[in-house]
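Once you scroll down, you'll see the structures, which are given as structure tokens.
One chain, subunit A, appears in both complexes that follow, with subunit B as partner in the first and subunit C in the second.
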Partner chain A sequence: MSGNPLDKRYAVLGAMLIAPTVLIFCAVIVYPLVSALYLSLFTIFTPTLRGSFIGLGNYAYLVNSPEFWRSLWNTLLWTVCTLTLQIVFGVAAALMLHQNIVFRSLARSLILFPYFVSTVVAVLVWRWLFNDLYGVMNHLMLMAGLIKMPLDWLGSMPNAMISIILVGAWKYFPFVVIAVLARLQTIPDALYEAAKIDGAGAWSRFVDITLPQLRDVLVVVVLLRAIWDFKEFDLIYLLTGGGPIIATQTLPLMVYKDAFGLNDMGRASAVAVSMMLVMLSFMVLYLKLAGRGERESQP
Partner chain B sequence: MKTLAGRIAFNLFAWTVVLVTAFPLIWMILTSVKPQFELFRIPPTFWPEQITFEHYVRLIYETPFLKYMRNSLILGFTTTIVVVVVATLGAHSLVRFRYPGRERLAQMVLFTYLLPSVVLILPLYLMMVWLGIANTIFSLVIAYTTFALPYALWLLRSFMQGIPDDLEAAALVDGATRMEAFVDVILPQALPGIISTSLFTFILAWNEYLYALVLVNTDEARPLTTGVMSMLVSAFNIEWSLLMAASVMMSLPLIIIFAFLQKYLTRGFGAGGVKG
Partner chain C sequence: MADVSFQKVRKAFGSAVAVKSLDLAIGSGEFVSLLGPSGCGKTTTLRMLAGLEFPTEGEIRIGDRVVNAVPPGQRDIAMVFQSYALYPHMSVGENIAYPLKKRGVGRAERDAKVASVAATLQLGALLDRKPRQLSGGQQQRVALGRALVRDPKVFLLDEPLSNLDAKLRAHMRAELIELHRKLGKTFIYVTHDQLEAMTMSDRIAVMHEGDLQQFGAPMQVYEKPANLFVAGFIGSPAMNLLPGMIESSGSGLAFVRQGLRLAVGAGGQAGQKVTIGVRPEDIALGSGPFVATVRIVEPTGHETIVMADIGGQSAIVRVQPDTAHVVGSETPFAVRTSRLHAFDSVTGARLDLAFAPPAS
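Let's look at the complex of A and B:
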């Protein structure tokens, strides 16, 4: 952009246009972020908001708390499993919707819709499907002979963990579909034609052409979804509430519970900050990749 | 897939997958029009033996649903207007002006877009209590800017990068000021981007749950997400058909927006993931 006629004299005007954004960012993002770090050094009773300084006491407590490690483990387990399913089903569905099928745009809309409905709606529907007495899931599984007794989908382990992973995969795989579909449309047909002439079968065309072409977009999608799944609150909180006991409690749920159930805002902040530290590596990696793509695409 | 039979088989397979994926949503609609007693059939009926809209009527007249809906609409529109106005100015600045720190700022925007709300929510809660605006729709508008503004800014920035520099340069040569060029040249060009950003921002605000759960504790200000969930929790015995009717009503605005957005889908929710 070196030959840009819109030169630096306008820097002041540019700064004025961005000023509202910067002010809002400082008030609702930067200040709370610093404040969260600060709060994590206190013990604060939520109803009265009175607190006392305890230094790194909250963190020392967390390191020795089995509940914290269990929640971290749950978060990782949930993220890895649901993410894997999202990617596998997402890529498969994208490949399928890339073909010529009848009413293709309607099919695409139907596949994408779970991503757009509110998590509240998704959870209500799934809780109804999972209902132990009248739910369709139990009925279908009984009919197919897969189970002998109705299952308790959300109230016992390991069912509860499997259920949230499945619902998470259902809700978020369309994001993968959107990204992969967009990329598939830009792969030149000539590549496939050439491979066909060389005698490559459908499978080897997929492995040798499609997958390498999708690699970059998949790396970005995996990172982005990993970040979002890691911090997921609504879906898990509304499906199981972290239960049974703490078997599906992830770190975001622990933050909420500590702050408003156990009324210790300081410790909750410490959990939140620890969680962010774990996420930070993913976030930095993503920012790096996004920055690289940016420079490549700019003239 | 050269043979006709192969094509038909593939189509059947593809549509089976699509319908299985969409089944929970189809089931939601079917359940909402079944009479209450039909839900407790074993085995369950697929098509309703009798179609009734009684649950929708009850939802509107006997529950606070309309109040929640009003709150959600106010919340959605206010958030969208505030965020899109601020983000349009900001994105224009990030794309067309040069000043120190511009690149850093763009990176900051992306970073904040990835931040988990649970980190920000406790200080924001304290802030709202301190300001004395907890339990108001206004406090939610402020909280929603934390995720909606970075999102809208990032999306608009990618839209505006697609507008050629020459257009603005030509207007300047003709004697327009920078602001006139912005209003007369850039804004009309960016309008499709601004419209779809607005719709996506509205969806985000419409669907948000966590901030609403923490910051608002009265029916006067409660939006649909927490409102409908409170109907589930407070019910003595859960009336699934009523809840399904509420879910359908809650999804209606999304279906309408969805129909509008078909061609922008990849750009909108792929933002950050795929470059638009």
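Let's look at the complex of A and C:
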């Protein structure tokens, strides 16, 4: 930097302008992160927050704990399945809403409804729909002759896992719809017209034009939703509470149970840190894919 | 034999009529421009021929086949879009090969054809690039390549040069003329730029408000505009249109308006409202029976454009660059009566009036 006093004043101004962001970042991200890492090295009684240092003891316990591995498996299963459904139905709905259908604007607003509804409300509604004694689902399926006995949707496996996956897909597919629809509207009509003249049928136009054009937005949507689904707590907790036993318990539920059910903040922190490591791999994948996209766009 | 023909073709979008009742027959191997201001129906006409829009009424033929219900991909046409419409995620080579791929042409034959087209258009070095890595002129050539590779019966071009800068446009114009000569195929070219239409076409179809105004060779359209619209639209600077009246004058008739009186040798009748058209190059400033006031002088180098007041109306005159004209001065002028055009002021139709040379 030169000795120009104006330069110095600008530099000070710049530092002052970014200071609030840096402080908030430290307070809400760096501090909790560091303290989670720190806490995970202790065995801590939650109500008093007192405990003793045990080094990597919590991690050693987790590696040997079938519950941890089961929860990790549940988390991955739930994330992969619900995300797949969200993408498939999200893209399909977006394609449909992009057509000139009747009541298009109404349909576009209605489809966002699940995303707007508070999770608590949505789950209460679904619990009634799934109810094994009074639920509409059982009633309709019995009437249609699909089942002979009422099903226990949330209290037995694999029904409970299937139920949370379906409700998760229903709740979050509108996010995919919004993102994909926004991108669809920017694809020039001329590309489809050129393809028609070049002899491409409807399926060819979808595969050769729509999908490649959606690629970038789908990469972002998949990674964002993967991270969010991986962390999902309220929907699963309210729907099944992780049950039956731990059959639908995901890692966020395990963190909650360890921290506030079993009052072991240290072990809960260790689970949270492990979750972070898994998500970090999502992050690396994301940066790699994003980086590849950027390289491709350079001459 | 006509290669492309429109018979009483009408196209309406709801209550808006884009093309009224078009009859047009385009010969095999012809280069025809559809020319007109925006909203005249020229692009709709082309899109109907491409199969991207369907006529509300009438019949479109390509060769001897009625194509009204034939999908675009089976019409044996290729189209170059104004925006080029190159597939952004495909390389240049893949873009050019795409129409062949969709028609099930084998890989080896595809590669050979792409290579040959790329050689014609000097795209050989660019085949692996993506469209966004190309300049406007190169993208334009890729779009042409994608049309060429199929060897279609008819080429449709929708204002393909309008996104290029002036220099490149002149260059591509020459390349298109050359390409048309080499291929000998039918080209149908939509443009609002009369320079492009005049320089490239065998025939020009001038359109206005959904109607075909005139269909003829460029010089025919220029020399004998069929009506007031064509007269005002073709030519740059535009033809001067001076409304007036035919009056009896001694033993004969004369066209009269403020500041102008021209003896009519043949045609016309007294009391008829007539608009005469005179091209900027057909007014001679400096000497003559009439007087004009010079308003604006615009030297462009190879010529000078003078805006002058003739009987209360401003007219454009094209003069040699070496003549000096003082703004505000009055100057005598003459018109070349042999090159005057006359139109009915009410219907706009061309009139067969002969003007007598001025008695000098």
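Just so it is clear, the second predicted complex is superposed on the first by the 274 of 299 C-alpha atoms of A that agree within 3 Å, B and C clash if a C-alpha of one lies under 4 Å from a C-alpha of the other, contacts with A are read in each partner's own complex, and residues count from 1 in each chain.
Everything that follows uses one rule, which is that a contact is a pair of C-beta atoms (placed from the backbone, for glycine too) under 8 Å apart; a residue touches a chain by one contact, two chains touch by 3 or more.
Keep in mind it's a predicted model, so treat the numbers as computed, not measured.
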item	value
Clash or fit (per the criteria above) of subunit B with subunit C on subunit A	fit
Which of subunit B and subunit C A:268 touches, first, second, both or neither	first
Partner chain(s) touched by A:238 [first = subunit B, second = subunit C, both, neither]	first
Touched partner set for A:209, first subunit B, second subunit C, both or neither	second
First, second, both or neither for A:277, with subunit B first and subunit C second	neither
Touched partner set for A:179, first subunit B, second subunit C, both or neither	first
Partner chain(s) touched by A:149 [first = subunit B, second = subunit C, both, neither]	neither
Apex subunit A: angle to the C-alpha centres of subunit B and subunit C, given in degrees as a multiple of 10	80
Dominant contact partner of subunit A by residue count, subunit C or subunit B	B
Minimum C-alpha separation between subunit B and subunit C after superposing on chain A, in Å	10
Common interface residues of subunit A - those touching subunit B in one complex and subunit C in the other	297
Subunit C contact footprint on subunit A (complex, rising order)	188, 190-191, 193-201, 204, 208-209, 212-213, 215, 296-297, 299
Subunit A partner contacts - residues on subunit B that touch it in the complex	1, 10-11, 14-15, 17-19, 21-22, 24-25, 27-28, 31, 39-40, 42-44, 86-87, 89-90, 92-94, 96-99, 102, 105, 107-108, 110-112, 114-124, 126-127, 129, 142-143, 145-146, 149, 153, 165, 168-169, 172, 178-179, 203, 206-207, 209-210, 214, 224-225, 228-229, 232, 240, 243-244, 246-247, 250-251, 254, 258, 262, 265-266, 269-270, 272-275
Subunit B contact footprint on subunit A (complex, rising order)	1, 4-8, 10-11, 13-15, 17-18, 20-22, 24-25, 28-29, 31-33, 35-36, 39, 49, 93, 96-97, 99, 101-102, 105, 107, 109-122, 124-126, 128-129, 131, 133-134, 136, 139, 143, 170, 175, 178-179, 181-183, 217, 220-221, 224, 227, 230-231, 233-234, 238, 251-252, 255-256, 259-260, 265, 268-269, 272-273, 275-276, 279, 283, 286-287, 290-291, 293-294, 297
Subunit A-touching residues of subunit C, taken from the complex the two chains share	50-52, 71-74, 77-79, 81-83, 85, 87-89, 98-99, 102-103, 129-130, 132-133, 146
